[in-house]
Amino acid sequence: MPKFNMVQAINLALKEEMQRDKNVVVLGEDVGVDGGVFRVTEGLLEQFGPERIIDTPLSESVIVGSAIGMAVYGLRPVAEIQFMGFIYPAIDQIFSHAARIRARSHGRYSCPIVVRTPYGGGVKALELHSESTEALFCHMQGIKVVAPSTPYFAKGLLISSIRDPDPVIFLEATRLYRLFREDVPEGEYTIPLGKARIVQEGSEVTVIAWGSMLHRVLQAAGPDAEIIDLMTLNPFDEETIYQSVKKTGRVVIVHEAPKTCGLGAEISASIAEEMILYLKAPIMRVTAYDAVVPLPKLEDYYIPSVDRIKKAIEEVKKY
Amino acid sequence: MPKFNMVQAINLALKEEMQRDKNVVVLGEDVGVDGGVFRVTEGLLEQFGPERIIDTPLSESVIVGSAIGMAVYGLRPVAEIQFMGFIYPAIDQIFSHAARIRARSHGRYSCPIVVRTPYGGGVKALELHSESTEALFCHMQGIKVVAPSTPYFAKGLLISSIRDPDPVIFLEATRLYRLFREDVPEGEYTIPLGKARIVQEGSEVTVIAWGSMLHRVLQAAGPDAEIIDLMTLNPFDEETIYQSVKKTGRVVIVHEAPKTCGLGAEISASIAEEMILYLKAPIMRVTAYDAVVPLPKLEDYYIPSVDRIKKAIEEVKKY
Amino acid sequence: MSIRPIESFTISRLDILDEKGNIDDSLMPPLSDSDIKKIYELLVLSRTFDHTALSLQREGRIGTFPSISGQEASQIGSAFALEKSDWVFPSFREMGVYITLGYPIHMLFLYWAGDERGFRVPDDLNTFPLCVPVGTQIPHAVGTATAAKFRGDKIAVVTYFGDGGTSEGDFHEGFNFAGVFRLPIVFICQNNQWAISVSREKQTASKTLAQKAFAYGFEGIQVDGNDVFSVYKATKEAVEKARGGGGPTFIECFTYRMSDHTTADDATRYRPKEEIELWKERDPLLRLRIFMEKKGLWSEQYAREVEEKSKKVVDEAVRKTETREPLDPKDMFTYTYGTLTSRQIKEMKDL
Amino acid sequence: MSIRPIESFTISRLDILDEKGNIDDSLMPPLSDSDIKKIYELLVLSRTFDHTALSLQREGRIGTFPSISGQEASQIGSAFALEKSDWVFPSFREMGVYITLGYPIHMLFLYWAGDERGFRVPDDLNTFPLCVPVGTQIPHAVGTATAAKFRGDKIAVVTYFGDGGTSEGDFHEGFNFAGVFRLPIVFICQNNQWAISVSREKQTASKTLAQKAFAYGFEGIQVDGNDVFSVYKATKEAVEKARGGGGPTFIECFTYRMSDHTTADDATRYRPKEEIELWKERDPLLRLRIFMEKKGLWSEQYAREVEEKSKKVVDEAVRKTETREPLDPKDMFTYTYGTLTSRQIKEMKDL
């Protein structure tokens, strides 16, 4: 089986979906002739032409807004926002429209768009090139949020996202784009949205992460840890988490967004609401700090380190 | 002492601060000749003139963006966004700039702006006129978020917000604008940011709310409940909450935003992290549902009712 | 080495039917007598709807409502030029457009009463629900136009917005996109001189709104927005150009908002009576009536019949709205996602 | 009743110094020989900085870096026309502007090495840190211009952006605001023909960028952006107009990005070599040198001295940057809010 990195796996998913369904179109800044600044859309212009691989002007709001209009007409647009730090000018279109068109039209219209964007740090990038603000999108109802952690799951989750009837924010960890390769089958397979996966079974502590943080968790956690890759951040897989907490009674949640009002808060609160009687220890969150994302020189201090994750796991195991 | 409703109290705060400091200016849509669609800025144009009460074009992004530029030059702009549902086009300026200018310039510049906006439901308004997405702003570091619950506190908190060295999102519950009057002293007084207040002391359960939900809590809670008005949503007053939880061991958090990733999640998670050993019951959240904010016909089903709050309080008291 | 002109533009204004009911024959679009009567009847129907909505609001039977009074020619004249296959993206003040497109009137009342079912657009209509955030419908129209062009469908996409809407970033990004891809789209601005309390002059320093199109490489024109024939002609030509691959057009309908911004507004706070008086004389319905009278297309009796019919239709719609079974609270969950989430299923049990 | 012109515009283009070093005397701005030499020296210094930054990046001593090569005349010519009291809001590619304003070069390197201290702007400079999100600096400049006008300060505010920046909503909202309030501001677009891989033609359908100003009721002009005299003259006149209460001006500097978009980009993927060859001949430094040579202001020896001096200054700056004490991790907390939050105080203990 071919070994692909995440860039190649996502490229393959796009290619196969575009071959399968002529309604799938890609639009964004530099996605065409340049193949995307990370080369995720490389080769697609040559294969599908400028009407399906659309190089747009520098306008995030109309990139998402026009994707909505395309979806309403029956297309399946996959919009690329060049970096998550540049999705903010498009947030109005995402929050006010993509999320609400189904409700507003009482079901006459829906908004099956995917907004792909590289997110997260760890690559010493410029300002606003390392955002990890997934929680904002998880709070806005009507949107789904997905964040794959490996090439294999990236392909399967992207295919599911493209076919999903609702708008999906698809977060691609910049750090993982070329970090490693793994077996990625050619041809169709899907990974269902809304389901987490247990990466490692364990009995002592449940460690929950997604995207690039999952890999730090794998380095930090011992064999007795149950490691959950959340994969879909909203709606997230409560059941898998609760079952694991029942077993372990200890929870550590890891994300690279700042702590306050990060997605870790929701996961922790849900557990505190539903599973408190099973808890043996405080629910710990290992997150970026409550500070503005720093430039490269301080990045390593800001993002959760393997060490900080280890400490938290040891901490909860003391109980 | 004069009795003022919240509209009048905020108007008074603006007037007094503008008299005190000629650097304070107000800008926004219809804030001048119309006195604001809720009349919050009524009379200010006549008193301070069009250079300090600026009727702007219909452009939220430049309303906030230009406020940033004014602040950098030494003014203290108070920008009005007509409804919270229309703050989304300005979110890029708030998140990418207002929140980061101090960090980006390593302290050379700061961004002492206030963005006032009516928020929340309960007045049977049009679509996007009932948003309560405070959690989005609490997650973005570098911004403060304030939500008063009475005229007296609205005046004192707004004065503190105007004088604060950081950008403040000042959320005014539409529902409370004219709901009741109370004593509001003329002349200067401030309510410190970052401090919650205990509205009622109690021993059995801690109920946390802010803005208009506080009033439903007051109707729902019995004399044995300790009721906390959070007032500043970010950074919020952990100490006051923790002290109360130590005493009661039971917590109910109420907000009118959807549950998932609402501010209630952060409060709950913080307690689950720091105070779990004191907890006698699950931490319950009474919130709007995970659904798109409905139009008026279903609004009453969507926003937490006195009844739902009562039920939650009884529920935790069972433990 | 020089300072030399490299580009220049001219913006034109179109006027066909004046306040005295006279027309410029050389510019008059081909409209049959029955077309003209249809248009007249739609103006009356829209005005009847408007008056009824305003009184329902006063009686608390619907919520806040934005009147279209004064803008009927801009709305009906433009919508009348469309084909059933064209797509329409209105702002929030286009009740006259919806009515002209044949949108069920009872559903419009239902929406203004705060019920989402009002904008479950009938499957045979290609229009979007109204759009509350100013200007944000423009990118949607642009996207639909892109999709139609991609599919090779010979349709036009039309979007409406106000003078205030021209100040939003989405106006700019949408117009630029339309220019770059030469999309089959017609942008119709109802310049009613006010954005709540902000006058046209305070909204932008450009002399006309029409000229803004040239910043995006396509044509803009200003038309008398109270003249149904000018609006119809300009729109008809623009949609045909769009369907024929000629690209986008921007039409500024120069009109006036006769009522308050909405029922929640009090326009006397910010605008002079004289202005309203002045515009009263420019009433779109009045001048059409005089024109038809001269042409022998109008009589007192005909007028009475049209009014009575309109009233019947509107009253019937009100009845239908108010006898509708109440909205199921579960719907707020049902229509958030394609399928319910586990959390929503739990929450629904609360209801 | 008619179709008649109601408004028209003309957009002009200014050229003074051509590729052969000849100038149009009638248009030549009043610049002393020493001014011209200063300008030449700033061009060389900026180019030296640029080359050094590119090699530091290759050696991993700084991060991703956007070269200004080809755009020196646009940057230095415009910045040279400013007073110390004027305010400047650059985009991310204005290293030549910063250098002309006297920004400490070692701090620029520090910033590109990923250290916030690099943009702790010295108190005696009225410039903003560079701006990464395209176009978002425009509203800041507009706000500062509003504040300056309100205070009655006779200053001009200048903001820079690229051709791609003209597509963002903030460009539109900022320009419109400036027009409505007749602000003392100068908008300078470096139209370097590319926004990463998107060509100027794909960015917008308008023939010139300059013409976009007319949509907002003020003047736009296109100048040869590789001619330092044209850029200087247009900027000088615009800032004086601004300070004198004449309102905003938009200057399109027609230039070219000779390098890749940034060190992370590979322009050979999307643009033809010939284009670059063509623009090589239009090099801003070359034509200035020929002009100065003709005027007897330039000699091999002078050139050598200027280059050596520039190299010394830049190397010294690199040394200063790289010997700077490391940034304190606590700073990320210290500069998020005016005072630390209780939560931050807890978190700092982790470090």
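The letters A, B, C and D name the chains in turn, as written, and every chain counts its residues from 1.
The working rule: contacts are C-beta pairs under 8 Å (C-beta built on N, C-alpha and C of every residue); 3 or more make two chains touch, one makes a residue touch a chain.
No experiment lies behind these values; they were computed from the predicted model shown.
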item: Where chain A and chain C overlap in contact partners, by chain label; value: B, D
item: Whole-Å separation of chain centres (CA-atom averages), chain B against chain C; value: 36
item: Distance between the centres, which are taken as Cα means, of chain D and chain C, whole angstrom; value: 43
item: CA centroid of chain B to CA centroid of chain D, Å; value: 40
item: Centroid spacing, where centroids are CA-atom means, of chain A and chain B in whole angstrom; value: 30
item: Of all residues in chain B, the ones touching two or more other chains; value: 56-57, 59, 61, 85, 88-89, 92, 96, 102-104, 127-128, 141-142, 235, 260, 290-292, 294
item: Two or more partner chains touched - positions in chain D; value: 116, 133, 167-170, 173, 176, 180, 202-204, 331-332, 335-336, 341, 343
item: Graph class of chain-chain contacts, one of line, ring, star, complete, other; value: complete
item: Touching residues (chain side chain A, partner chain C) in the complex; value: 25, 51-52, 54, 56-57, 59, 61-62, 64-75, 77, 89, 92-93, 96-97, 101-110, 141-142, 144, 164-166, 194, 235, 238-239
item: Complex contact set, residues of chain D against chain C; value: 1-18, 22-24, 27, 167-173, 176, 179-180, 182, 202-208, 211-212, 214-218, 222
item: Residues of chain B that touch chain C when the two form their complex; value: 29-30, 32-35, 37, 55-61, 85-86, 88-89, 124-129, 259-260, 289-292, 294-299, 301-302, 308
item: Residues on chain C engaged by chain B in the complex (per definition of touch); value: 63-64, 92, 111, 113-116, 132-135, 164-165, 167-170, 195-198, 202-204, 264-265, 269-270, 326-327, 329, 331-333, 335-336, 341, 343-344, 347, 350-351
item: Residue ranges of chain A touching chain B (in the complex, touch as defined); value: 61, 85, 88-89, 91-92, 95-96, 99-100, 102-104, 127-128, 133, 135-136, 138-142, 234-235, 257-258, 260-266, 268-274, 276-277, 279, 281-285, 290-292, 294
